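For reference, the structure is listed below as structure tokens.
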Amino acid sequence: MIRVSVVGAKGRMGSHVVEAVNGAEDMQLAFALDAGDDLSVITPGNTDVAVEFTVPSATLDNVLALIAQGVDVVVGTTGWTDERLDQIGVALAGAPRANQAVFIAPNFAISAVLADHFAKLAAPYFESAEVVELHHPNKVDAPSGTALHTAQAIAQARRDAGLAPVPDNTQTDGGSRGQVVDGIHVHAVRLRGLNAHEEVLMGNAGEQLTIRADSFDRISFMPGVLLAVRKLAEGGHAGLTVGLDRFLDL
Amino acid sequence: MIRVSVVGAKGRMGSHVVEAVNGAEDMQLAFALDAGDDLSVITPGNTDVAVEFTVPSATLDNVLALIAQGVDVVVGTTGWTDERLDQIGVALAGAPRANQAVFIAPNFAISAVLADHFAKLAAPYFESAEVVELHHPNKVDAPSGTALHTAQAIAQARRDAGLAPVPDNTQTDGGSRGQVVDGIHVHAVRLRGLNAHEEVLMGNAGEQLTIRADSFDRISFMPGVLLAVRKLAEGGHAGLTVGLDRFLDL
Amino acid sequence: MIRVSVVGAKGRMGSHVVEAVNGAEDMQLAFALDAGDDLSVITPGNTDVAVEFTVPSATLDNVLALIAQGVDVVVGTTGWTDERLDQIGVALAGAPRANQAVFIAPNFAISAVLADHFAKLAAPYFESAEVVELHHPNKVDAPSGTALHTAQAIAQARRDAGLAPVPDNTQTDGGSRGQVVDGIHVHAVRLRGLNAHEEVLMGNAGEQLTIRADSFDRISFMPGVLLAVRKLAEGGHAGLTVGLDRFLDL
Amino acid sequence: MIRVSVVGAKGRMGSHVVEAVNGAEDMQLAFALDAGDDLSVITPGNTDVAVEFTVPSATLDNVLALIAQGVDVVVGTTGWTDERLDQIGVALAGAPRANQAVFIAPNFAISAVLADHFAKLAAPYFESAEVVELHHPNKVDAPSGTALHTAQAIAQARRDAGLAPVPDNTQTDGGSRGQVVDGIHVHAVRLRGLNAHEEVLMGNAGEQLTIRADSFDRISFMPGVLLAVRKLAEGGHAGLTVGLDRFLDL
């Protein structure tokens, strides 16, 4: 049994993690802590992996504290800059336990991670590529961070393969062609009823490839979280690992 | 048998019309004329309906000539302004034959015409609506005329129903939200391999309606052309009629 | 203000109705009753429209009781046979209040009702038509009642238009072509993560029309329920009305 | 310049290959032969790679003849059994030129080959998976060979990962659930207007991944054919290679 402690257990994501851990046959819940609780109760003696889903302003301190106590951590909170990631690296280098591991992912939805990965693999083989992301209308940024990342990954793969720019004879446009990210057109749809969706379209003469990831509910992040917990628990991932694709067999 | 003459018979569309007429059990081809041929051979004595698919610079003169000879005309050439349509109306008022009819359609693809019509009908019942059109990358204008028309029709139907503007909390955007046409966001994708496609997305809390029209090939216009020919041949449509939706039982 | 009482207020659907009524600016909640509560408190003196969302075994008695008290009723419970509908008709004929109205709908999702309606309108204009429905894997029946209804409506519209059977040269098949309902092929997909979705595909040479309704959540039924409440409250719908399409302006 | 000879140059596929070779900046056409022509004119002295697109009854003899003349061959004709492939292997072992190569692919559409590959990679991470293929109604077999292959590949990947069977509580069904191939449900749609399309659907609680390949026209096979020609021309692929995925960098 993998003993899991959840930090941010009353939050929107954390409460799902508690449920998911309770529902997993190979896991048992150690501590479910939230803001104000003392993290120092979480130790290697009672916890194999801690899962941290709090807020950007609290996550760095939480993870550093857990490292100092010798606990492996799966982190789902966003807001990680290169500088913050460096601090985690330094802390791990001086961690009390050998082979200590921290895993951070900007997106735990397996479908989204796979779509991004497949887009990168497919990009060299198509003359055209565009990205359409669709979200609920309460989202404040457009396009989504995931769509930006996908467009940049496609652009990089095309450059590496020596492809010409995507063909586009548009001469008059009032903005319908979307935002051009690194040469790739990105479109953002906002629609009541939707949650978080991304569609990658690629085309050659006579053919099209479409890769679409739909996240209908944040419960979709749980298989990715449990996968990361299992990977850290089985060992062999000492140090800092970023991105769920690192734990998928692709 | 409906006797059909084709004007512009060697063009991309006209050659398909000739084939379609030859393949229709209830029609026979009278004349297949092209640039330089004398239109005056087409008369009520040999032709029930003429189909005109030429170029914007020639179409007005062709149609006026056919009206003067007493022939009903189905027109697929684009470029009709209100002023040009008025000239047709005047000519029909002084036409030699009673109940003479001219039919002009900007789009003969039944799927596109239906998608446009259904978008208008559905619009009053959804909080959100956006339009995505997708075309081959050689197209010079964006968005397509069809997408503009659909967006305007949706906007009008929403106004008539007293709906509030579509919800959109976007605060930062570099252009990914597309072109706003009459309050409706319109996105244009250009992809090698595609021909002409339109997708209308509507959403309420918990639900989405999608209406999509794909035109893979200009042969898709033929059922609409034959339908218009049959409608004029059966009579009862004297004067000028614009838009294939007028001939659909909706 | 429309005064609304909810019967089945603690059920999965009823609790959403209570919330929706509380959130509607033109409505106020009169009574929220559940199993065991006394329906006789609901009268024309305190309630304009009652909404009944209970279970098939209770709904007939509930609606008959509400009719006897002179209250208009919107019914969302399923399981209505022709015989049961007849009993409602008889009860309404002898109702205490003039112009009393009952509205029953098998599906309150506006997107699904519109998709069904549009499929019927489009059917005469396409050579091919198939229906694909997609649901969560806990559903016990396949295909869905909605898909069956859509296929039958398409088949009827094709017959009325004198269309030939859909083209299909399949000579060897181990079952992949799905269930043939009245000449129309129906396919049922069961996928974890989905809720209730239907896609209608129609095709002619060179073109395709796709109409898709997605219900992600039962909250999608609320706009339809509120619409029916408003229609009964404004009057003019005396007697029994079945089907939300009757209240849409199509 | 890669010197390319085409065998079956007047056929539906071969004529496209001739055009594609003529349009490629790094290739020049050596011979364009068809039924009745003498293959012995094609030699290493004038041809780097021969492309064979004929008919199943002729392809084996053609390829054996080309091997005997010391020419590398890209084969697009279908109908290859294990026994026929063995004959090619034997012939290559005794080929006149060192490092001689033959490449055979059942499908040259890059989008279809990638969809199949991505389906296999994604399969271990989803609770549910189904395959929907859509083709023109003149197709005689259902489901398509590609869909069968994809379903089998998904099933194998699920077994290798130790997954449980896909969840399905269906209790009553008249055939709508499709054909079960190795535990995976496969659905075949036949629609006028379509050509060859495949959609792979995978789902977990709260999320869906969709991978779709559309082949609108046989011209879509040309990038795959040219890719294979370039791979053989650059050397390093001695012997028999089967499947375009072997030449993609995945």
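The chains carry the letters A, B, C and D, assigned in the order they are written, with residues numbered from 1 in each.
Note that a residue touches a chain if its C-beta (ideal position, glycine included) is under 8 Å from a C-beta of that chain, and two chains touch if they have at least 3 such contacts.
Predicted model, so just to flag it, every value in this text is computed and none were measured.
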Chain groups still in contact once chain C is set aside, others held in place: one piece
Longest centre-to-centre distance from chain D, chain (CA-based): C
Same or different residue numbers at the chain B/chain C copy interface, by half rule: same
Rounded Å distance between chain A and chain C, as computed from the means of their C-alpha atoms: 39
Between chain C and chain B, distance of the C-alpha-averaged centres to the nearest whole Å: 34
CA centroid of chain A to CA centroid of chain B, Å: 46
Where chain B touches two or more other chains, by residue: 126, 193, 202, 204-208, 214, 216, 220
Category of the chain touch graph - line, ring, star, complete, other: complete
Chain C contact footprint on chain A (complex, rising order): 193, 195, 214, 216, 220
Complex contact set, residues of chain A against chain D: 109-112, 114-115, 118, 121-122, 124-126, 202, 204-223, 248-250
Residues on chain A engaged by chain B in the complex (per definition of touch): 126-130, 132-134, 137-143, 147, 166-180, 185-194, 201-208
